[in-house]
Structures are given as structure tokens and as C-alpha cells.
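See the structures that follow.
Presented sequentially are two complexes of chain A, the first with chain B as partner and the second with chain C.
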Partner chain A sequence: MSDHVDGNALAGDLREIFAVDLTVATGQCAGCGYRGSVATLRVYQNAPGLVARCPHCEEVVLRLVRAPGRAWLDLRGTVSLEIPLSS
Partner chain B sequence: MARAAVSGRLTWRVSSLASSDELTSSARRLVFEVPGWPGHLPGQHVDVRLTAEDGYSVQRSYSISSAPDGNLVELAVQRVDDGEVSPYLCDVLTVGSQLELRGPVGGWFVWRATDPAPVTLVAGGSGIAPLMAMVRVRALEGSRVPFRLVYSVRTPEDVMFADELRRRAREDPGLDVRLVYTRRAPEGSPEPPGRLGVATLNTYGWPAEFNPHVFVCGPTGFVETVSDVFVALGHDPRRVRTERFG
Partner chain C sequence: MPIVSPGFTGRRQSPDVQLPPGQYLTEDFPVLTAGPTPRVPTDRWEFTVSTEAGQKHTWSWQQLIELPAEKITTDIHCVTKWSKLRTRWKGVSLDVLLEDVETAADFALVHSYGGYTTNLPLEDLLDGQAWIAYRYDDDDLTPEHGGPARLLVPHLYFWKSAKWVRGIQLLLEDEPGFWETAGYHDYGDPWREQRYQGD
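And then the complex of A and B:
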């Protein structure tokens, strides 16, 4: 499949919700255990929301759906996110 | 600058088009004046939002091609004929018109001038935009970090920033620029047109032993092929950073 972009494309929508850039966070896939930067996820935009898949096993690791005045963030495919913080 | 670019939640800013010039027959250089722009790092992008009178809105991400310059932000927009946003930006939006823009965003596909590692940049088509920002910031900061840019285009007329790249290849010490033509090469070109392959990337990029940063930006298929080649050539996959634009 080649109709995807990188996790970089999530930066704006995630920064609208979170105070830090989550695309530089390291996530662990609940499907295969792969660890990698959120920026390296495969993002599919041709859906009612944004669907991010693991670049290793293609499991859905993050979904973000927007509606006027709210957003749903589904992270059930992510074990954890390690987020760099400036000390 | 870096700090300003990463702290606090992001909001849309009403921005106005300050100038619009032709880059190629199918792409334009659009410079927006963004009130309160906090500065950006080369490689970051913005989201642009257009809203119709009936409330329908659509948004797209564009890489910033300029070095930080006050409230000005330059985008290189390739016209996608059946696109919803790019024909409007290229053909309808006039100087002084307003739209909503937010950014800068993305901290991963970013080059930092303080990093001494050599850099290989590979662009396909309008994927040159964020790499152009890196080349410009390098010059602005007086950096001597060795840069090699490999830029794949269909024909000589598709080269964006052609004059500036020619000038910089001559004047910016430590910057090499290699153009690769896939459909038609200029007259007198030593090589026939062809796809960017292993041999070219091996010859004109830095070898894996130098532990360079590699930034690849272009259409999805292009990015996939090029990043696979670098990994096969022994580069650490974590140092091969990509930006696909679908």
C-alpha cells in the first residue's frame, strides 16, 4: 500500500490537543512490540479520521477522529509513549 | 527559537499572502505574513486551512521552504490538478488574501545547525521544500557541516529554486548539489535520464561509515525506494528520516 504519509503529518492535529510535540515521542506497538518514533508511523488520511499503523506489523496503533468542538483519540494499539520533556 | 517552536498548544492564525511567484509551470512560491510567528526549525511544516462560506473546511500540510525571517513563511506549492487545496492556493489566492495557518509543527524531520554530522538530502519533485529550508539555514548560520543534495526531477523545467541552487552550489562552501532527471535530461548532460538508483545514491550521498543524517522527502513511492536503498547500503534506519507527501 502506498497511499500513506508519515507520522509527521499528525504533528498539527496532536499539537492542537497536547502541549508538546508527540511526533518525537517513542511509541511501542501493542501488536508486535516494535518501538519507534511516532513520526515514523504510517498515517492513512483517507478515512473519517487519521489512522496510524505500525511500520513493522501494520497494526493500528493510533486513531484520531475530529468533530466540531471535540476530538477522539484511540490509543489502544499503543502500549506506551515515551515523551521527551525539556528539563 | 527552538523553544518557542515547541512549547504551548497550537492555534490557527489568520495569515495573509505577501507574495506569490512562479517556481515552475506547475508550482508556486507563496510567502505568507503570519502575525506572531515564533520562528521555526528547518524541516518543520505548517497546516493550512480553507473554510467555505457554508462552513465546509479542508486542511493540508505544507513544508516550510524558507529560513526563519520574522513573520514571513515561504511554502513551495505544487499544483495537483484534481486537488482541493493546491489549485486554490496557486491560481485563486491573490496577494493580500487571508487564510488560516498554524505551525510550526513536527520536531522529527528537522535539521539542527548545532549537529556536526554530515548530511545527505534527497528530494523528489516538490520534496525539495523542507530540504531547501535546511540548505538556507546552513548558509545563514555559517555552518560548515558538509551537505550533499540529490534532487530528482522529471525534466530540467521541473527544478524548483533552480537559480538559487546553482548559485549556492558555487558559493556555499561544503554544499554539493546533484540533479537527477527521470524523463528528460538537459542537452549535453553526461547521463541519460533515469530513475534514481543505488549507484547514484551511493555515489552522491555520504557513505554509511560517515554516520550521516539522511533526510528524504518526496512522493510516497519515491521515499520508500530511496530509504530502502540507504538502509541496504548500511545506514542506521534511525538516521534515515523521511517525509512522504502521499
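And then the complex of A and C:
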């Protein structure tokens, strides 16, 4: 059994914070420069929070911790997120 | 005569077992991980204590297991709300490892193979409160549970008991670790339910 799932596991929690589905956004890894959709990240969810790692270099690109009534989103491992919008 | 029988709690819990607030009892040993499980062969394993003055004290695996070890039976409490009672470990007390280390530090940042970090006050590593554990339940500690060796600091939430430990950095100032920079409490006392920042 794999120890992680793909980035679609982030959809519900991210939708609660952002108005758009961020799993289709294109992110760039701060560690290796890999560019790919958030859905391609490797998500470790058997943990105190969601930890999304780059599929190329395994560095942490996104962390999301949920507590009752609040959440923390850490994107220091992400250079940028390119988010498609309806024009 | 008790008004509420333990049967109504819905959890398997002996009435004389006291758990920290918000915790439930588990009999298995859940595996939590924030990344791929490092596999560190003991012939390449090393443990380093570095001081604020830049001094390094390093132990090989052989040197570690030749140090006086203790058997520890203790309850553990995970911030994800499970608690496990009377877990049995073997390891070397941090009092032994830090005995000859000269430092004025008040804080420690623990580093793991794989990049994980966690912080705690240095005093919480001393006086029989913390160990580098390498046996669990009379077996070698498996990689899934942090083997070949993990930190064991059972009086704090278990995220502080870093798996795959490779070193301790002694610091004059507190430096938050992996979960402590992502919303979790800086100290993490389960009996005061210090789960998140501000708790």
C-alpha cells in the first residue's frame, strides 16, 4: 500500500479556503523548479496535517493544518501558483 | 455508586485510566508520517549534538548501543488524539549523551533523517525525561516507527518524539520546527491540551 495519495486529496480543504479549485493550478517547486498541477503532488495525510511533496524531488511544497475554526497554509516550498480563471 | 457506567463512554477504557483531555485509548500503534520513510542502515547512522559555539559531538551506532541503556515503560499521546498506554522501549538517556556537552543553550532543535525537525526547551530533554530509543517491545525499532533510532519525550505530544533522529542542535533562541511552524503549539503539553498555537 502506498504511503501517500495524489494532490486531489487537497481539494476539499483548499476549496474551503479558496474560492476556486486549486488542484488544477500549476505550481512550481521551490526546491527543484518542477512545474505541475497541484493534483500531481504526493500528499501524506496520515499525519497531524496534510503534507504535499514534489513528485520530482520530494521536497515539501505545501502544508495544510486544520484546527477547529481555523487553518494554517504554508506555501514556502512553492515559488508560485498559476491559477486558471474564467476571463 | 457510580451514576454513569464505563460502558456508556463508547470507548474501551478502564475507569481507572486517566488520559489527557480530548484523548482516546488505542491498542494498536498508528503510523504517522509527513513523508517517505527513510531507511538508514546502522553502519551509516550517526547522531550529532551541536552546540551554539559550533562544537560537535558525534556517536556512531556502535558507540550508541555501547552506552548504558535504560528500559522505559511509558504512556504516549499523539496530537491526533490517540493515546497508547504502557509502551515499552529501550534507549539511551539524553542525560548520558549530553553529560560532557558544554552549553549555555536553553533550546534544542531536533533533526531527523528525511528533513523533519521539532523544537523543545533543553530542560525537557534532561533529568530522565528523554531518550534516544532503539528498541520497542523487545525488538529493533522498525523504520515505520522511527528506526533505527528515534527521540522519545513521552511527557509531550508525540510529534516531539522525532522519528529517524540524527541530531540535536543546541540554541540560545527558540527555533520552531516542522509542525510548530505550521500551526501546532510550540511546547505541546498533552495534559494542558496544547495542540495548536494559542491553546
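Please note the rule applied: the second predicted complex is superposed on the first by the 86 of 87 C-alpha atoms of A that agree within 3 Å, B and C clash if a C-alpha of one lies under 4 Å from a C-alpha of the other, contacts with A are read in each partner's own complex, and residues count from 1 in each chain.
Operating definition for what follows: a contact is a pair of C-beta atoms (placed from the backbone, for glycine too) under 8 Å apart; a residue touches a chain by one contact, two chains touch by 3 or more.
From a predicted model like this one, the values you see are computed outputs, not experimental measurements.
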| item | value |
| --- | --- |
| Superposition on chain A - do chain B and chain C clash or fit | fit |
| First, second, both or neither for A:12, with chain B first and chain C second | first |
| Three-chain overlay, vertex chain A: chain B-chain C angle, C-alpha, nearest 10 degrees | 110 |
| Touched partner set for A:3, first chain B, second chain C, both or neither | both |
| Which of chain B and chain C A:35 touches, first, second, both or neither | neither |
| Contacts of A:24 with chain B and chain C, given as first, second, both or neither | first |
| After fitting on chain A: smallest Cα gap, chain B-chain C, Å | 9 |
| Set of chain A residues, in rising order, touched by both chain B and chain C | 3-4 |
| Complex contact set, residues of chain A against chain B | 2-9, 11-13, 15-21, 23-24, 37-40, 45, 86 |
| Residue ranges of chain B in contact with chain A within the complex | 3, 6-11, 45-47, 59, 61, 102-103, 105-109, 220-221, 224, 241-246 |
| Residues of chain A touching chain C in the complex | 3-4, 44, 46-49, 51, 53, 58, 60, 63, 65, 67, 70-72, 74 |
| Chain A partner contacts - residues on chain C that touch it in the complex | 30-37, 79-80, 115, 159, 179, 181-184, 195-196 |
